[in-house]
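Next come two complexes, and both contain chain A; in the first it sits with chain B, in the second with chain C.
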Partner chain A sequence: MTEGFGLRSLHPIVILTYYAGGITFGMLLFHPYILLAGWVAAVIVNLHLDGGREWRRWSLAMLVGILLIAIMNPILSHRGRTVWFYWGDIPITMESVVYGLTLAMSMLNLLTFFVTYRLVMTEQKFLFLFSRVSPKAALVAMMAMGLVPRLRRRMQELMLIQRTRGVTVAEGSLARRARNGTRLVGTLLSWTLEDALQTADSMQARGYGTGARSSYLGFKFRGRDGATIAGFTVCAALLLTAWANGHGFMAIYPRLGTFSLSWGDGLALAAYIAFLILPLGWEWRDRRAWLITNYSE
Partner chain B sequence: MNPDNPSPSSNSALKRARIAKWLILPLAIGYVVLAYLSVERGNSLLIGLVLVLLSMIPFLLRFERKERKARELMLISVMAAVATVSRIPFATLLPGFTPVTFVVIISGVVFGAEAGWMVGAATALVSNMFLGQGPWTPWQMFAWGMAGYTAGLFAHRSSWRRGRLPLAIFGVAWGFLYGWILNVTLALDQWAQTHSWAAVIGKYVTGLPFEIIHASANLFFILVFSPSWIALLERYRKKYGTLERIESTEGERAHGQAPAVN
Partner chain C sequence: MAHYELQRVTFHYPEQTSPALENVSLSLRSGQFIVLCGPSGSGKSTLLRLLKREVSPGGRMSGGILLDGTPIQDWPARGLAAHVGMVMQNPDNQLVVDTVEHELAFGMENFGLERDMMRRRMAELAGFFGLEPLLSRKTDELSGGQKQTVNLAAVLMLQPRILLLDEPLAQLDPLAARELMGMIKRLNEEWGITVVMSEHRIDDLLPLADRVVRMDGGRVAFDGDARAFVLEAWNREDNAWTSVLPSITRWALEQVPPEEHPAPSLPPLTVKEARAWLDLANRTRTLGQQSTAAPSVEGEGRGAAQKLLAAQELFFAYDKRSPAVLRGLEWQLRRGDWAVLFGGNGSGKSTLLQLLAGLRPPQRGIVLWEGKPLGKMNAKERYSSIGYLAQNPVLHYAHDSLLEDMIHAAGRAGETDPPQAARKMAERFGIEALLRRHPHDMSGGEQQLGALALTLLGKPSLLLLDEPTKGLDPSAKRILGEHLRHIHKEGTTLAMATHDVEFAAAYATRCSLLFHGEIVADGDPENFFRGNLFYATPMHRLLALEEATNR
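Up next is the complex of A and B:
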């Protein structure tokens, strides 16, 4: 779907709050059930935003990463009372296995949530936010971002043309290929520098640096943004209260505690999921509005 | 913001920018407290991220405070974009064998420490916009930024240090340091779990093969290409008078930044 719809239509500040909060809470909470629920919520957000296309593209890499974490943890960490068995002379403890799985779950949760960041926080929104705080650095990042597709095209062109001269990264020894590759990058560099400086002169001529920069898109803080921020604040307050009272994480070391959720854990879970799902309300509302306006015609 | 009347809108933009800057302080304090409490409970995921993000503030402040010409900004973004794209031809070789760190280090050497930091940090941010942002982005920004920054400091002392061999040693060191910085999250977690150095070192040992590939990539690129790249960038720096390094005199600087007629 386009910008201006559901979660994507919110003000960049609200979106930043959403991602900052989601990541912070995902890191604060450490209980397999809560993290599992958070992962499910993140998947639901993914499905709403692009039907899960981007998420599926990443799932293999994420799976390999978290499997490595889950497997490495009991091998490296031998803490815990309950030894299951010895692998060689390395004791594998139940606590360490559970900790590894929880850590893997936490990573999976964070990464899945982050996939949606790329869909929602567009470059325009990013520039809008960071041109307030750090205008020059934001401009540098955005110019580099704009250059990349052009340089990619040029790189393909260079690779194609240089191949006719025998400069290729596809054959030869490793050293030779690496050498050719860097020659290509060097050519690209001098080609790009030449016209980038012309671009810079053009910017200078059009008055770069004479005043504060505005951004191309003006985002307005609307009623729905205020409502969403209020909702976030309530969820965050509930979650942090529960967390400050010692809920939301499981005692694993030295002896594995119980998996069951206390009332405080339940409150933390509910607040966390509500926080993650809250902006989807706009997604549903806008979808309904879209259907209704289409039918009434 | 209304484009028709620039002066009031730019004023309000400035005011809003000031508010945004002052909001960072209480937020930072809040996050440090939260991360500290989290560590107390044996969960170290947040503290590393918070500290890394805080470490960027002084660099950004310094970068913002100086008057910057459009050319300087453009040059930095070109270096960052080239570093990002330089991954493409090497995608078919060994994974991890890329000249990204090499490009960042050379930028630091030629354009100075501050520009080096900016190239490194922007490279991490921009390349992840294409490859996928994640919790690793701030760490990569930090690691590459520091690689560029220290390269500037390292080469600034004497021209001898811009030679192949000293830079090669520097590059190998950063090949390892980069991986170690990125591993800090998991190593901190090991420490919080077990309080044993053996586990932390074990974590680092498992990452060693990747670090060796990275270090050998840096070694190779610096040994073979650093003289030609430094010469090329040096030529552009002189020709267009951008990013004069600290040792250049004021007179030279004024001369260099006069609008070039080519």
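Up next is the complex of A and C:
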């Protein structure tokens, strides 16, 4: 399940469209059923990509977040006609409870969906998109990414050795620790800057700054990318048409409307889910190809 | 056809009265493998940097440097950058971006090459260097040898005709160095790339070199082929010259001087040639104890020597998931030892020293200091009785001048007059002139001596050294060795991890081999080396082969 397989094999532009669309639609639509269905779809995407490992890692944080939203909304907002009860002298309305739950659902939906972004949009793909916009900035980003682990490792080495000389942040008074800390950081920086001069030499020696740069990163726009984009466009057109005609969200304030889905809501729901699930078609297709390969052996 | 033509080049660094290069005239011919040698500060790096315009130092230059008949300042920027490639000493600092593939592509991107062209060159060179499995790796995770291979390949992506190498092997372990050297040789032989390479340790380079240029004080002191260089060095009878020669060459010439040999113009450069040299001279080989024998330990009963530090059943792993580095290791250091620890790259030598110094606690097992657990000692007492000198001496400095660092260390050791103690220590190591310098501005050898002085201010009774000779030229190595011998004589127990077999053979009283997380061989140097073919000096190799043929 690596690059070149299923959803991950798509062109960065397609992936960017997928996430931009998924997030936009997740924010446009505001109906508990639609959002619930969207969440289920997002979970399915998660399960397909890494068996839900990354999602489980975030689940506690997400749960706390949405509980907070669901609880805070009725306490802070008193809109709505139907007062259920008074908490002290705070009126708790049915509408604001439902609104809070829907908002929490919407957040959960977006977060769950976005968890997969990190799995699919690797640094390489991101830099490919980025270097289109600004090649210089992309190079700086790449250099920074190379520098961070180097700095961290050097700091560990430095702390290990300097401890034998009594320069440490682990013991002594607060002022002393602060002084030692600055000393360590200062040494790390002057050491690294000294070395950066050599890096600059190495860049110059390989012709940096002699003219326009090109980018090595390359992703081919294949047939499946075109097909996926076409699918996205159809789904988005349907969804936006429904949305523009007032479908896809539920009337909550001032008085709670009906939970039942109109035909337009149904259309929005179908288009939204189709949009989210569409790239999984490639996962299924590629998985089948694997099965066939394995059987025939 | 000459590539480079240096015409009476004299170069002054800014604010320096004596020139770094003086009247250097050289003509570097196409396709040659040229080795540039000479002591530190003799102008090797300056010369190489002047040949590469992009990294030329600022200063005053007179004379001219022509490349293919055109002065290098008249070359177009792109043409010149592509024509001449350069690899420098430090493997880390030449890496610019985060992954290997990007790093290799970096130069081609600078030239604005088409993607198809880039992929093609990438495919070719990754194949040549065997880098395919590493392409998607982070450069940070690679070993030193792999990093330097990536640096070399990244330079070759621009298809240079000339390769300038500024001590590319100095930071590598011997195995990685030999591998990289093999690749450089192949580039020279198979692709016809001109190679100009500076290096301190030229033992393995001499057999490859078409031409040796020795610099001394900014002047060209010798220019000729490798065998002529050997004879010149031998005839000069100057330690600065002979110490550069491969030890096997020195030994063979000591046995049969060129004037007594039937083929005096072909001095041996390798073990194989040394055998042939002696065979031809038809002399019985008498392997003396003179140079191989370790200095005898001052008549002490070895068995009765007191245990200073004992490691019992040490287990250590850096990570729960990564394999253990040390697996039930047992080792003792006795008072008065000068122990040397050998072992392959990543075998855990550094880790073991750090455990013994109390810098890291073992996951299992215990380190005993004079019978007491090391972990129970007060940290300050522990760090002052066990001195630890890291592989990278830069790590030992934290102040803006060597003097401040030394005063701080003396103060911590409880000296009543820290500046006085610091000066005395500096005098002892002959580094008074450096006291005002910023530690990062000193050369590798000076940093090493300074760090040693810093550590000794704590008056340790045990000194642990991690690869103290890495990157040092022969004379700096000799100075370090003599200082260590002095310290040892004064009663400090020494233990050092090293790859430098000859340094160990010259000084150590005990050798141990770390393999697979355990000590697999431990004994006095003579017995230790006699049993080995790989961890052995060339002379021991010769001897071992001899014994094998006699059996």
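Convention: the second predicted complex is superposed on the first by the 242 of 297 C-alpha atoms of A that agree within 3 Å, B and C clash if a C-alpha of one lies under 4 Å from a C-alpha of the other, contacts with A are read in each partner's own complex, and residues count from 1 in each chain.
The criterion applied here is as follows: a residue touches a chain if its C-beta (ideal position, glycine included) is under 8 Å from a C-beta of that chain, and two chains touch if they have at least 3 such contacts.
Because the structure is predicted, anything quoted here is derived from the model rather than measured.
*Asks:* Could you say whether A:Phe30 touches chain B, chain C, both of them, or neither, answering first, second, both or neither?
*Replies:* The first partner, chain B, only.
*Asks:* After lining up the shared chain so the two structures overlap, which partner does A:Thr164 touch, if you call chain B first and chain C second: first, second, both or neither?
*Replies:* second
*Asks:* In the superposed arrangement, does A:Ser134 touch chain B (first), chain C (second), both or neither?
*Replies:* Only chain B; A:Ser134 stays clear of chain C.
*Asks:* In the overlaid three-chain picture, which partner chain does A:Tyr99 touch, first (chain B) or second (chain C), both, or neither?
*Replies:* So A:Tyr99 only meets chain B here.
*Asks:* In the overlaid three-chain picture, which partner chain does A:His78 touch, first (chain B) or second (chain C), both, or neither?
*Replies:* first
*Asks:* With the two structures laid over each other on chain A, which partner does A:Asn245 touch: chain B (first), chain C (second), both, or neither?
*Replies:* neither
*Asks:* With both complexes superposed on chain A, which partner does A:Thr187 reach: first (chain B), second (chain C), both or neither?
*Replies:* A:Thr187 contacts chain C only, not chain B.
*Asks:* Quick check on the superposed pair: does A:Met143 touch chain B, chain C, both, or neither? Answer first, second, both or neither.
*Replies:* both
*Asks:* In the overlay, work out which of chain B or chain C sits against more residues of chain A.
*Replies:* Answer, by number of touched residues of chain A: B.
*Asks:* Which partner does A:Ala212 contact after superposing on A: first (chain B), second (chain C), both, neither?
*Replies:* The answer is both, since A:Ala212 touches chain B and chain C.
*Asks:* Can you give me the overlap between the chain B contact set and the chain C contact set on chain A?
*Replies:* Shared contact residues on chain A: 123, 139, 143, 145, 184, 190, 196, 199, 201, 203-204, 208-209, 211-215, 218.
*Asks:* Residues of chain A touching chain C in their complex?
*Replies:* 123, 139, 142-143, 145-146, 149-150, 153, 157-158, 160-167, 171, 183-184, 187, 190-191, 194-196, 198-199, 201-216, 218
*Asks:* Give the list of chain A residues in touch with chain B in this complex.
*Replies:* Where chain A meets chain B, its residues are 23-24, 27-28, 30, 58, 69, 72, 75-79, 96, 99, 103, 106, 110-111, 114-115, 117-118, 123, 132-137, 139-141, 143-145, 147-148, 151-152, 155, 159, 169-170, 174-175, 177-182, 184-186, 188-190, 192-193, 196-197, 199-201, 203-204, 208-209, 211-215, 218, 244, 249, 253.
*Asks:* Please name which positions on chain B make contact with chain A in the complex.
*Replies:* Within the complex, chain B touches chain A at residues 1-3, 6, 9-10, 13-14, 16-17, 20-21, 24, 31, 34, 37-38, 41-43, 45-46, 49, 60, 63-64, 67-71, 73-78, 80-82, 84-86, 88-90, 92-94, 97, 99, 103, 118, 121-123, 125-126, 129-130, 132-135, 186, 189-190, 193-194, 199, 202-203, 206, 217, 220-221, 224-225, 228-229, 232, 236, 240, 242, 259-260.
*Asks:* Where on chain C is chain A touching in the complex?
*Replies:* Touch residues, chain C against chain A: 52, 54-55, 77-78, 81-82, 85-86, 88, 90, 92-98, 101-102, 105-115, 118-119, 122, 138-140, 151, 154-155, 158, 354, 357, 359-360, 379-380, 383, 388, 390, 392, 394-399, 408-409, 412, 440, 454.
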